[in-house]
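Think of it as A, B, C, D and E in the order they're written, each chain with its own count starting at 1.
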Amino acid sequence: MQEFICQTSANPSLFSAEGFVGLIFLVTIGLIVAGALVATCARRLVRSVAGLALCFTGVAGMYYFLLAPFVAMMQMLIYVGAVAILIAFAIMMATPEEGDLPGRRISALAGPLGFATGALLFAALTVLAIRTPWQVFPREGSADMKHIGTVLLTSHSMVFELISIVLLIAIIGALVLARRGRN
Amino acid sequence: MHLLNLYNCLNTYLVVGALLFGFGIYGLVSRRTIIGMLISSELVLAAASVNFMAFNRFTAPDPAVGQIFTLFIMAIAAAEAAIAVSIVIAVYRNYKSIDTEDIVDLHG
Amino acid sequence: MSAYWNDVFGGAKSLAIGLSITAREFFKPVITMQYPWEVPEIPERYRGHIELVKNEKTGKPKCICCGMCMRSCPSGCISLVGKKPEGEKKKVLTKYELDFTKCSLCGSCIESCNFGAIRFSKDYNLASTRKEDYVFDLLKRLEEQG
Amino acid sequence: MTVPIQCRPDEVFVLNLGPQHPATHGVLRVKLTMDGEYIVKAEPVLGYIHRMHEKMAEAGSFAQFMPNTARMDYLHALAYNHGYVLAVERAAGIEVPERAEYIRVITVELNRLSSHLLWWAAFLLDLGGFTPLLYAFDDRERILDLLERITGSRLTYCYFRFGGVYNDIDDEFIAGTRDFIKRLRSRLPRMYHDLVTHNIILIKRLKDIGFITPEQCRKYGATGPVARGSGINYDVRKNEPYSVYPEFDFDVPVYTECDSMARYMVRMDEIEQSLRIIEQALDKLPDGPVKAKKVPKILKPAAGDYYAAVEAARGAFGCRLVCDGGKSAYRLKLRSPTFSNLSLFGEVAEGMLLADALAFMGSLDLVIPEIDR
Amino acid sequence: MDTSIWRPIIYLVCFMAFAGLNAAYLGWCERKGAGRIQRRTGPMEVGFHGLLQPLADGLKLMTKQLLVPEGVDQILFRIAPILAMIPALTSMVVIPFSDNIQGRAVELSVLMLFALASIGMIAILIGGWASANKYAVISAARAVSQNLAYEIPMLLTVITIVMITGSMNLQDIAMDQQGGFWHWNIFRFDKSIFMPVSFLIFFICSVAETNRAPFDMAEAESELIAGFMTEYGSMGFGLFMMGEYLNIVVGACLTTILFLGGWSCPFGLFPGVWWFLIKIYILIFTFIWVRWTYPRTQVYKLLNLSWKILIPFSMVNLLVTAAFIKVF
């Protein structure tokens, strides 16, 4: 199976440093799967948000494994610290009462249909990912913070500007939308 | 390829990304409330980020570009969440519900 | 705008003054009393529950069982019984009970007594979990006091 | 500032503040209809410690009701004693010796000080400042020690009698009171004003919060510092003088800002005025008996309708006594100031934030047993 | 076997002990300090001057029944206190107590502390929500909006420090300030004339971030009883309290490293961990001192303070620092 891109093909023991790291990685995957499961299947929306936060924490751990600690930290800060909390706030403000989710009216089909679609997509993507012989390019830059900063402000400065504009528009839009209710 | 060596393989990350994507799609279809759909769409975005980061780590020539893209996705996700949450609140004010089936008036 | 700067600087100053006051208090001696180890001095007129006064000569209570205290009490917490022993003119107190659960320590009984037969005690540290403990037999108490 | 809010009924929720809540000083229950942190409607619910004081007055003799008066407002018990004693004295036509009147004024004002100090402490506790409580209690304890020396009790004094007071005061009490006045005067600017009154956090929390118009005061019959903080210059001691108050030179602090800060300032100024009154009373204290002679043990006032009002720490306390010639009152109506002051709460608290409403409630200086009587 | 795995674990255990003792004895310090300020004695009965009081309290909390009220979200209710505790504990790992005492030298340790703090926020939110108590929900909403509002000036201030040092590593930031107190960031007038102001802003923000008085909106007992902890008893409450005290320790450590030169001596002599400890305990004492001096602010006034005063000031400071660095 040469199409696997594995940086090392060693077979570490569970009690070596590498094995321990591998174990932590498995825990990370577990976090992601459990979080995603809770986020999509929990009946209470608050639990979904908790699951989402869990899943994001796992994803942050995964970024750490992908040698991008900065992105991992940002993932925690932005997703766990901001997005999840924002959604939890929305639930507090916009849920009439807990537990009024029985009786799925016309959407009885939605669950199975969704599951089928999701499973199909997952299977297709997995097969695609495994079957494709990914081409590896030689490394040119380093992945440290300084390099990211330089790139962000030179060759990719447009992205940086765009992010700020998008965020500004989002702030203004959110204010306009949410403020209207209270006079 | 060993269970404890998974973290060095590109495919692991791609499969996890696909899994997140699948969960996201499942949630998007099956959830009835806007907030539930919002949560699912965050999962989809996370899946995309994971893929970006994985390719960035294993195949891309410049390892900064993928990270910048992921940061960009994060900003988009945050903006999306902010807008979506304010829409949820606005909708809730008008319809007293966040159930997608109650908001049929939006069909225009 | 000047109000803004006033808030910022005046506010910061007021906060600093507050901190300086509490800092000074920090180094001053303690003023509280460590109650079970130190006890406060009970003033002369302290109104505890009532107790009977002894006639110094006879060693018997001064009470002549007129019942004025009983009648003047707003909450009816005093009950006393006096008996006339054989061959005596005066009644002798045989039972004097104070139901302290009802007493509001107003002192009406003491004021109504023309003979100075009852007075306020200095008991302040009463504690019990049973209400029966607060029905005092004052006659017995007087005897115990010796 | 209060902003009128329009919201639909299903967006609000009901929050029961009390009867067991750290901010309600006792067993007051306020039913709050909230929209988020904004109060849509506030409804005080009373009656948790109603003890039928007025009915009890009809059951016992006049003297037997005396201890009850101290149990209404236990923080300014002597003023309530005073009001009741005044009404009965008016009914029975008892003359009070001058020394007794002076002693009454001294003790009532000392008691007012202790009440204001406790209000200050508890108010700061409502606002989340714990330390000032202990500083105020340091001073208050000294007042209680003084009063305990002469009355024998620390809270429910029951010191006044028809036609005088229970016991004379002694030189040690006078010296102690003078020391205390000096002490409090020296502590007021630093421990009270510098630490708290000028504190920016406190000012920000009290300024423009709890706006009571003079009209609202009149409508609900608010008196005392609440009315004086809204610019109504009404003090029973000045407007309907009783006892020997006309002989003293003191001011009635009035603030026209109508907010919580104004009420706070009124009380802080009243502390200084009370100190002035006590000082003058101690200087002018005449000799003589402290009890009128020939006050019958069982009073039987002539049939009629009598009224006496005093200025208690929380406002005008009125005592209306209807006698039918018997040895107990035919009817005793007690007008307690806090009841009127609390009635304001519902109207003023509408549209307020929860935190502001509690600061406002603290500035009303509520004593719940007095509301329920 | 590579010792590098065990090093963080050993440190974690040590820091857990340090943190646990700190949390317990900070409670004692708080009570004693409050007592002294109020001219009382504070705890006196258990042990010499009440020194065993924290143990007695801990024992009491641990032996009490864990009450889970009816109607709460069982799982979230139980998870929340643990979740409040873990990030505070984990934060200790990246804090350098001295040049050689550090659990794990993380390159982005400043960022990591903030990332972990966001978990604490989620914990409060979940705890408040799961309690199914109106007071708890209001309190959780308040706490989180307060934390979010104060994170902005805090991060802006941290960015100035990061700009000055050119590193996000706490170790580097502390190393940069070695020597006398004139090297400390608080007195770096050559980098920005507003550094003391910036220190003040950071300190205020850390008070607010740890939900301490005068910013203890979440636990405003006169308004919200005990806030998000209303329904918690026994060790659930205990864990929340421990998390709170740990956050104070972390906040004090962060302030010390960012502004007060970490483990350096004010006179440039014998730098070492003791200086670090002295500094953090002075800061913690200041936390206690501030708490027992002021009344509580009001939630909107608090947000105003952040948006109208702290954020503009820290932004100006950021710009001034950038200009200074560019010019000099």
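Simple rule for what comes next: contacts are C-beta pairs under 8 Å (C-beta built on N, C-alpha and C of every residue); 3 or more make two chains touch, one makes a residue touch a chain.
The structure presented is a predicted model; accordingly, all values stated were derived computationally and were not measured.
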- Note on the structure: Two candidates, C-E and A-B; the one with more touching C-beta pairs is A-B
- Message: Measuring between Cα centroids, which chain is at the maximum distance from subunit B?
- Response: C
- Task: Name the most central chain, where centre means the mean of Cα atoms.
- Result: E
- Message: Just the number, please: Cα centre separation of subunit B and subunit D in whole Å.
- Response: 62
- Item | Distance from the mean Cα position of subunit B to that of subunit A, given in whole angstrom | 6
- Where the CA atoms of subunit C average out and where those of subunit D average out, how many Å apart are those spots? 24
- Inter-centroid spacing, subunit E versus subunit D (mean Cα positions, whole Å): 43
- Message: Two or more other chains touching the same residue: where does that happen in subunit A?
- Response: 70, 74, 82, 89, 96
- Residues of subunit B touching 2+ other chains? 93, 96
- Mind pulling the residue numbers of subunit E that touch at least two other chains? 37-40, 292-294
- Going by the contact rule at the top, pick out the subunit C residues touching subunit D in the complex. 7, 10-12, 14-15, 17-18, 21-22, 25, 31, 43-47, 72-74, 104-108, 111-112, 120
- Residue set of subunit E touching subunit A in the complex reads 1-2, 4-5, 73, 75-76, 79, 106-108, 111-112, 114-119, 121-122, 125-126, 129-130, 132, 137, 141, 144, 148, 151, 168
- subunit C - residues contacting subunit E, complex: 4, 7-8, 15, 18-19, 21-23, 25-26, 28-32, 34
- Query: Inside the complex, what are the residues of subunit D that reach subunit E?
  - Reply: 13, 15, 21-23, 37, 124-135, 138, 195-196, 199, 201-202, 204-205, 353-356, 358-359, 362
- Which of the residues in subunit A come into contact with subunit B in the complex? 1, 4-12, 14, 18-19, 21-23, 25-26, 29, 32-33, 36-37, 39-40, 45, 48-49, 52, 55-56, 59, 62-63, 65-68, 70-71, 74-75, 78-79, 82-83, 86-87, 89-91, 93-96, 101, 104-107, 110-111, 113-115, 117-119, 121-122, 125-126, 129-130, 134-143, 147-148, 151-152, 156, 159, 162-163, 166-167, 169-171, 173-178, 180-181
